[in-house]
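Below: a set of structures, written as structure tokens.
Shared chain: chain A. Partners: chain B in the first complex, chain C in the second.
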Partner chain A sequence: MDMIVSLWPRFLDATLLTLAIFVVVSFMSTTIGLLAALATIAAGRWLAVSLAIYGWIFRGVPELVILLFCYLALPQLGLDLGPVGAAVLGFTLISTAYEVEIFKSGLAGVHRGQFEAARALGIPLPSALRRIVLPQVIRIVATPWITYATGSIKRISIASAVAVTEIMQVTKQAIAVSHQPFTLILFASALYATMASILMVAEIVAARRFKQRFGLSTELP
Partner chain B sequence: MSTNSDPGLPASQDPSPADVKLEARNIVKRFGNNIILDGVSLSAAPGSVTAIIGASGSGKSTFLRCVNLLIRPDAGELFLDGQRVDIGQRERDLLRYRCEIGMVFQSYNLFPHMTALENVIEAPMIVHRVPRAEATERAVVLLEKVRLGPRAAAYPHQLSGGEQQRVAIARALAMHPRVMLFDEVTSALDPELKGEVLATMRDLAADGMTMIVVSHEMSFVRQVASQVLFMSSGRIIEHGDPDAILDRPRSPELQAFVARIMD
Partner chain C sequence: MNFSVVFDNLDLFWRGATSTFIIAFVTSVLSVAAALPLAVMRDMRSPLLSWPAAIFSWASRATPALALLFFAYYGLPGIGIYLDPVPAAILGLSLSAAGYNMEFIRAGLQAVPRTQYDAARALGIPYRTALRRIIIPQAMRVIVPPLASNLTLVIKGSALASLVAVSELTGEAMALISFTYRPFEILITIAAIYLVINSALISLQHYLEQRFRFG
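Right after this comes the complex of A and B.
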């Protein structure tokens, strides 16, 4: 216990760094993923094909490989982002591939009649997307989005492989000097579990909210 | 343009005469090689109720969507209050025309995340930039009119199908349309819920709204319609007053259709 107390400042920094990476990556990948999914409504086949190829690469190649590429290979091409920058870039590239799929299925889940009703009322497409389609997409994607986010936060542990001093990196360093792997790994697990739990609770709260508003059967005939 | 192949329709002059609210001339729509609408014309007098009947797949719904340009016809002309509507204009410009034409759908298509009241005020606020208080005031009146005053705060999932459809009617009326289109609005409803929607439509007709109604409710058509168009294979086969169409069908297509729906 003394050991944890003495190491606490480092673990706190590592936890904050993990959260910061998570927030930045989630924000960027969600924004880009949503915009790309929306664009597929209006744009032609070339965008769909490009997104399919993108998704195939970044969902197919292991996360570690992509992080190592960003950390070790990109500097060779003149783009040296440092450990944290490389991790943020790598995770954003990976997460965007998943977020596009999440939002595409969310959009597909909105009844076609919703678009038709908006057009019939003379509502311009941008307003219709923002006021009518997006709130329904958010309800549909809430569960898959949070499920993916929960995975995302854990996956940041891989960044320890590219010298990011996140939780796992600090844990490994602490094990090397203290030889107390059992306690330390348990403690790291607790930190991850706490962060994931917050997201899971958020999902329950959101689900309850949506049920109040939309009821059980939201799909119209 | 003066020749009109559809029986019963008066030969139309250009521009559309003043006693015609809405006129469609020779609307043609193809999807690939399929001709869905093969020169469909319609002329609706102010305050009239035009019923369009026909088997499913005859092009009724497609024609209705061509009237408010949800679907862009490949050929033909539209006139609203004698004004020619440019059917080739950009989607953004079409929105203004669509505001003039209210539409109610078979599947209601209410916005599920908004209350009945919010559904009704949405388009006036977004499109006409009506302040919320003013839009709400009018929406309350409209919801009273469709006999849903006490349900204004309910979400669509808390309403019956008949109530949802009446909210949809109020939502369309909130835009002050000059013409209302009804696309099989009672087809998805249980028999005991159809009556309340049809009663609302009757009220609307009595108020002098010009209505074009695709419907399978023959007693409603007989009682309320000023004229009936019978469509088959993308054409208007017969046209006339309800009794003539339903009691004295001339074409074999209409005879077969009437025989099917009357039993």
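Right after this comes the complex of A and C.
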């Protein structure tokens, strides 16, 4: 216990770094994923095909391999981002592939007639998207988005392999000096489990709320 | 860019891919084998059975796979259990996959109408036999597709074994990078190998979905 207390400042920094990476990656991948999903409505086949290939690669290759690529191979091509930069780039590339799918299914859940009705009423496409389509999309994607975010925060542990001092990396360093692996790994797991559990509870709350209030289930509200 | 480093070491990539496949296969089998009784326990009336299963499910799903791998490889020796890298990796990955598999199996078991249990009971069929012969065959339709797609996740997850000294595909690649320093060519190659394995598994998944569609 004394060991955890003395290491606490390092674990606190590591937790904050983990959260910061999570927030930056989630923000960027959600924004890019939403824009790409919206673009598929307007753009032709080529965009759909390139997004499919992109998704096939970034959802099929292990996260660790993509992070190693960003950390080791990109500098070989002249792009040296450092450990945190490489991890943020790698996770953003991966998460974007999933966010595109989440938002595409969200958009598919909005009836086509809504787009046509907005057009018939002379509402410009940007306002129709913002005021009519997106509010419905958000209700559909809230639960899968949080489910993905839960996996996303756990995956940040992999950044320890590219020298990012997130929780697992600090744990590895602490094991090397203290020789108490059992306690330390349990403690690190508890930190991750706490963050993941908050999202897991949010997932249940979102699923319940949106199912009841907006009638996504087959029953009438 | 010079891919000769890849062609000169083809045997190494082959060996790595074989280990990846074996680790993923054993992990899949073990994690399903562990998840099935836990899924049944989770919905038992006795809290002595349902609570441990619920706690396991939560712990397994809330903890990163890497933390479970480190726990199996670096943590267990702390309490006197020493595992070699490969068994430790398989244990860690199986613990991580079991939590999700448990929820898939539970959803499948719950999808079988309650009346089927009642009918089996009315006919005097013991609970275990009813599960094995009546409930599980019907639940398979719901269970198989997510379990099969979980297999591709296990393949991806097996790359983490390289971080506990297992020389599967990623581990072999990291070793080769450290003495040739050609990360670009080597990582592109293993990424392609993973994609080929995954695509093969996705075809298998479609086949299984067809196969179990009509129970």
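Everything below uses one rule, namely that the second predicted complex is superposed on the first by the 204 of 221 C-alpha atoms of A that agree within 3 Å, B and C clash if a C-alpha of one lies under 4 Å from a C-alpha of the other, contacts with A are read in each partner's own complex, and residues count from 1 in each chain.
Methods note: a contact is a pair of C-beta atoms (placed from the backbone, for glycine too) under 8 Å apart; a residue touches a chain by one contact, two chains touch by 3 or more.
A quick note: this is a predicted structure, and the numbers were derived from the prediction, not measured.
After overlaying the two complexes on the shared chain, residue contacts for A:Ile4 are found with neither chain B nor chain C. Contacts of A:Val24 after superposition: neither chain B nor chain C is touched. Touch criterion met: A:Gln76 reaches chain C, while chain B stays clear of it.
When the two structures are aligned on the shared chain, A:Glu63 is found in touch with chain C, with no touch to chain B.
Of the two partner chains, chain C is the only one touched by A:Ser197; chain B is not. Within the superposed three-chain arrangement, the count of touched residues of chain A is higher for C, of the candidates chain B and chain C. Once the two complexes are overlaid on the shared chain, A:Ala188 sits against chain C while remaining clear of chain B. Contacts of A:Ala206 after superposition on the shared chain: neither chain B nor chain C is touched. Residues 58-59, 61-68, 70-71, 74-79, 152, 155-160, 162-163, 170, 173-174, 177, 182-184, 187-188, 190-191, 194-195, 198-199 of chain C are the ones touching chain A in the complex.
Chain A contributes residues 111, 113-114, 116-117, 119-125, 127, 131-132, 135-136, 139, 213-218, 220-221 to its touches with chain B in the complex.
Interface residues of chain A, counted against chain C in their complex, comprise 56-57, 60-66, 68-69, 72-73, 76-77, 150, 154-158, 160-161, 168, 171-172, 175, 180-183, 185-186, 188-189, 192-193, 196-197, 200.
In the complex of the two chains, the chain B residues touching chain A come out as 68, 70, 91-92, 95-96, 98-99, 101-103, 105, 107-113, 122-123, 126-127, 155, 157-158, 168, 171-172, 175, 188.
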